[in-house]
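Both of the next two complexes hold chain A, though its partner changes from chain B to chain C.
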Partner chain A sequence: MLAVPALIWLTAFLLGPMLLVLVVAFLKKGTYGGLLWELDFTHWTQIFNDSYLKIMFLSFVQAFATASLTVAIGFLLAWSCSTLSGGSRKWAIGLIALPSFLNLIVRIYAIKLFVGFEGPLQGLLRFLRIPFDEFYFSSNQSVVFWGMFSSYLPFAFLPLYAAMEKFDFSLIEAARDLGANTVQTVFQVLIPNLKRALMGAFVLVFIPSLGEFIIPDLLGGAKQMYLGNLISEQVLRARNWPTGAALAVLLISAMLIFYFLGARPNGPSSEPRR
Partner chain B sequence: MLEINNITKQHGNQTTLRNVQLKIEEGEFFSLLGPSGCGKTTLLRLLAGTETASSGEVLFRGKRIDDLNPQERPFNMVFQSYALFPHLSIYDNIAFGLRIKSRKNKFSESEIDKKVEAMLAMVHLEKYAERMPGTLSGGQCQRVALARALVNEPKVLLLDEPLSALDAKMREVMQRDLRALQQKLGITFIFVTHDQEEALILSDRIAVMNQGRIEQVCHPREMYESPQSAYVARFIGSNNEIPGTLVEDTAAPFVTLQIETSGVQQRVRGQMQGGSLNQGQVMAFVRPEKIDIFKNGAATTEDLQWTQGVQKNRILGILTNLVFRGQFNDAHVDCGNLGVFKVIARLQNNLEIGDDVELVFAPVDTFVFAVNEIE
Partner chain C sequence: MNMNERQRPPVPRWVHGLLMGIIICLYLPDLMMFWRAFTDVQPNGENQWTLKWFYEVFSDPELLDATGRSLFIATMSAVVATALGSLAAIALVKSQFPGQKILQNLAFISLVLPEIVFALALLGWFITMQFSLGSTTVIISHTTFCLAYVITTVMGRLSFFDPAIDDAARDLGASEWQILYKITLPMLKPALASSFALSFLLSFDDFLITFFVNSVGNDTLPVKLYAAIKYGVTPKINALSSMLFVVSSAILLIFFKSSLLGGRSEKERGFQLGDVRLGK
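Now for the complex of A and B:
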């Protein structure tokens, strides 16, 4: 009984829209946008063309790279935070989480300004008399990646930190005592015991970054398109709702697959029992 | 074999170890005993290498080891929380150290298997090899932790309150097993505990620690029968305390103190412990089982004489409580301004609550400490 409001909420605002997208994905596009209530599959074959497949592949690579790097750096940050003492720990966590309190657009523009023509980065390069191409930074893949990384880092850091805080650090002492060096301790004790949190953090970053379109749009300019951009382009500019919906269905299916692969690792429970 | 020279440890402005000086012999069961916060665990971690000293040195068989990493020391540790790896089976937990070392020492899988099986047999856990640590009881986890440390054949085994998480019955079993194991293997055990009874039962020698200092190092019996400081006397076993002032007397080797009982001046003789003192405020300690209790006036001259010419100490009081425990009984005796004395004694002549009684104890069982040493 207590779950009823939540179920109503989920049906109205999550399941409903999702079903709508699924239905739209199989309808025919109207001549001037809009929808015709006729079953149509032609756009389903169209979306698997070479340039779209390339975009999908690149989106996948981008999301994978973002998730890997945020989890790796988030892991190191979480580890060092959990070894700090109370006061400085609070500060460190605050500083890491702080950017996510700001509006995404503001944050992205801050990066844009930082690397832009009059920004401090170019100023520094000029000051150091290092020759560079002024247009290099204005719409560049690495800047997109930087934007993705900095936006998603807290999403990887927080679950890892939560897991690390519960981690029994005497296990590390035990490993050292039994002769393990730092690398052996990390790979044979720390990572296996935090497997669940690592997978969770990876999925938490990978899924939204697969559909990300604001960051590539603002930082990447028109140089490279990702799956998210493609969908927004189809829906908002080309007014081709069925194609956009088909792409969205594809994206959601991919996410679901990764969710079930990532969030449910096989084997015995990796949660430490105390 | 293991020498701890002048070790001091500071955490910020807090000193956890002060000039600790210890020598631990080969094959000894050595206990570090003290209340929480006395520095015993810090000292153990310092030996393990998970903590570094601010000054001083640790020598093992004549070689300095305090600058070595934990993995380079021939020591292994059993942790208070067991610290078993939850993602590994019991077998893999025990094999962990051997597999880590296998690159250097070239243990083959079959050698590892043989050693692990032997360890499992030693701690009676053969059937549990494939189980995960989360499915074992506390006592079983403790055995695994022990096996995991001992399989590496350490020269010294460090144990950090390994029995404190077990229930009383299990603890007793483990105490017996631990002692038997140590005697069988002949490895030096360094055992940290806050439980004085446990230390007395298990150890060859005990070091009592207080606020980062070693108070006394000796055999358990000596610790009980001849405490060198008031702190040790209070920490090991229980005591009745009698405040008084030292007065001149010719009762060597004993000292005499003047005490006041219900307004009457009286003298008590005892042994001065930990240094000599001729005058000043002192405190005398008597253990409950060293006191004989008589109905007032019922004690014979023989009861009252310790040796030729030396009388036993006598204090009067009223019996306020009596707990029957069979062969021995717990008695509480109100001695006026000296407070209530605890006495464990074979009771004579059917004493009853409310009786006037006389407490009699020998000077040799009366330990005297300077008051300034107590606080």
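Now for the complex of A and C:
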């Protein structure tokens, strides 16, 4: 009984909208941006043109790189944190987790300011008399990547830390006693034992970063478009709902693939629930 | 547990070094922003301490409007989401009902759905259903994405409850409603407080979904900030951003304080952190 309001709410404002997207993806675009209620598949062939494919490919590469790096670094940070003593551990976890709770736009703005024309990075380069292009940093893919990495790091770090807390550290001692070095310990003891958590963390970063809109929009200038920007462009500017919905359906299908690979409510990503 | 911790073999030095390095890199831009919010560059190139950027923020009627709107929207969304979400969580943990699986899956989907898809779907839905866009549609949307966070937080807390307490109350003749009002809800207070703080924060900080489902001229603070950054930066943005940073951190403190009041061990809280998965 108690769950009825929430169930109704989520059906009305989550399930309904998602089904609508699925339907709209196969409808025809009206002349003035509206919708015609007849089946149409032509935009499905159009979204696989060269420039869109390039955008999808770049988004995939970007999301893959973000997820790989955040998981790799997040794993090392989680390992480091789990061996710290009580007080400094709390601080370290707090400081790494904090950015994910703060306003994304504020943090992206801070990065923009930092690498910007009057920021300390360019000041340092000038001071060291290293020649550089002043406009290079205003729309730069490595700055976008740093924005992605720093925003998604907590998503990878937190589940990995939770898994690390449950890890049996005597296994590392055993490995050391048997003569394993650090690299062997990491690849033959830690990674195999934390495989599920690592995969869960990868999915947690990969899926949202595939559709990221704000970070490339504010840090990348107009130079390179990603899937998130393309969808918003189609819907808000071009008013081309069927194409926008079709691209959204592609994103959802990417998500569903991971869902069926095992990242579901009782799957690895939410292990510690009960 | 402390015994166990002391026995953990140390990590190589460079891993701790990496931790320090990453934390410094994460906060360096923010510190820079704080410094700029309090300084003014004089014509001779010197930096002078000043509060005038803050003064400018507080004397900008548009920004004050947007702040009021953001606070209203965040409060409304947090109230509705906390109410609906905690009731759903109680039902999910304590009983079996038809639609249980659907509810669980919907909550999960809303946690992992890419934000841009969420935004597009809601906008399309509101247009089709002929809602007029504005604060109401924003509140509905924010409530929708906050619900799953509330359900996860409250369920996490409920799973530590001893079911024997309910049985004891029932033996003593309490009705299901009495159990809910006199036992479950009072015990859930800390979780309800954290759910509220969390929902408030998520709603207050949201940009993308608001950007899609809001009407023109009804901007919230993050949308104003986005426009300001996109089309011409003025120094008062530093002051505004710094204030937002501090306000979010303060709300966050309430969030953690209230889970501290719940009296759980550090380990359990660690798990919940990993479980709730915050962020945009």
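The rule is short, and it goes like this: the second predicted complex is superposed on the first by the 251 of 274 C-alpha atoms of A that agree within 3 Å, B and C clash if a C-alpha of one lies under 4 Å from a C-alpha of the other, contacts with A are read in each partner's own complex, and residues count from 1 in each chain.
By our rule, contacts are C-beta pairs under 8 Å (C-beta built on N, C-alpha and C of every residue); 3 or more make two chains touch, one makes a residue touch a chain.
Keep in mind it's a predicted model, so treat the numbers as computed, not measured.
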{"item": "Chain B versus chain C as contact partner of A:30, first or second or both or neither", "value": "neither"}
{"item": "Contact breadth on chain A, by residue count: chain C or chain B", "value": "C"}
{"item": "Which superposed partner A:123 touches (first chain B, second chain C, both, neither)", "value": "neither"}
{"item": "Contacts of A:150 with chain B and chain C, given as first, second, both or neither", "value": "second"}
{"item": "Partner chain(s) touched by A:165 [first = chain B, second = chain C, both, neither]", "value": "second"}
{"item": "Partner chain(s) touched by A:173 [first = chain B, second = chain C, both, neither]", "value": "both"}
{"item": "Set intersection of chain A contacts, chain C complex versus chain B complex", "value": "170, 173, 176, 270, 272-273"}
{"item": "Interfacial residue positions of chain C with respect to chain A in the complex", "value": "4-5, 7-12, 15-16, 18-19, 22-23, 25-30, 32-33, 36, 83-85, 87-88, 90-92, 97, 99-100, 102-110, 112-117, 119-125, 128, 140-141, 143-144, 147, 151, 155-156, 159, 180, 201, 205, 207-208, 212, 222, 225-226, 229-230, 233, 237-238, 241, 244-245, 248-249, 252, 255, 266-267, 270-275, 277-280"}
{"item": "Chain A-touching residues of chain B, taken from the complex the two chains share", "value": "48-50, 69-71, 75-77, 79-81, 83-87, 96-97, 100-101, 132-134, 148-149, 152"}
{"item": "Chain A residues within the chain C interface of the complex", "value": "1-3, 5-7, 9-11, 13-18, 20-21, 24, 73, 76-77, 79-83, 85-86, 90, 92-93, 95-114, 119-120, 150-151, 153-155, 158-163, 165, 169-170, 172-173, 176, 182, 204, 207-208, 210-214, 217-218, 227-228, 231-232, 235-236, 241, 244-245, 248, 251-252, 255, 259, 263-265, 270, 272-274"}
{"item": "In the complex, chain A residues that touch chain B", "value": "168, 170-171, 173-181, 184, 188-189, 192-193, 195, 268-273"}
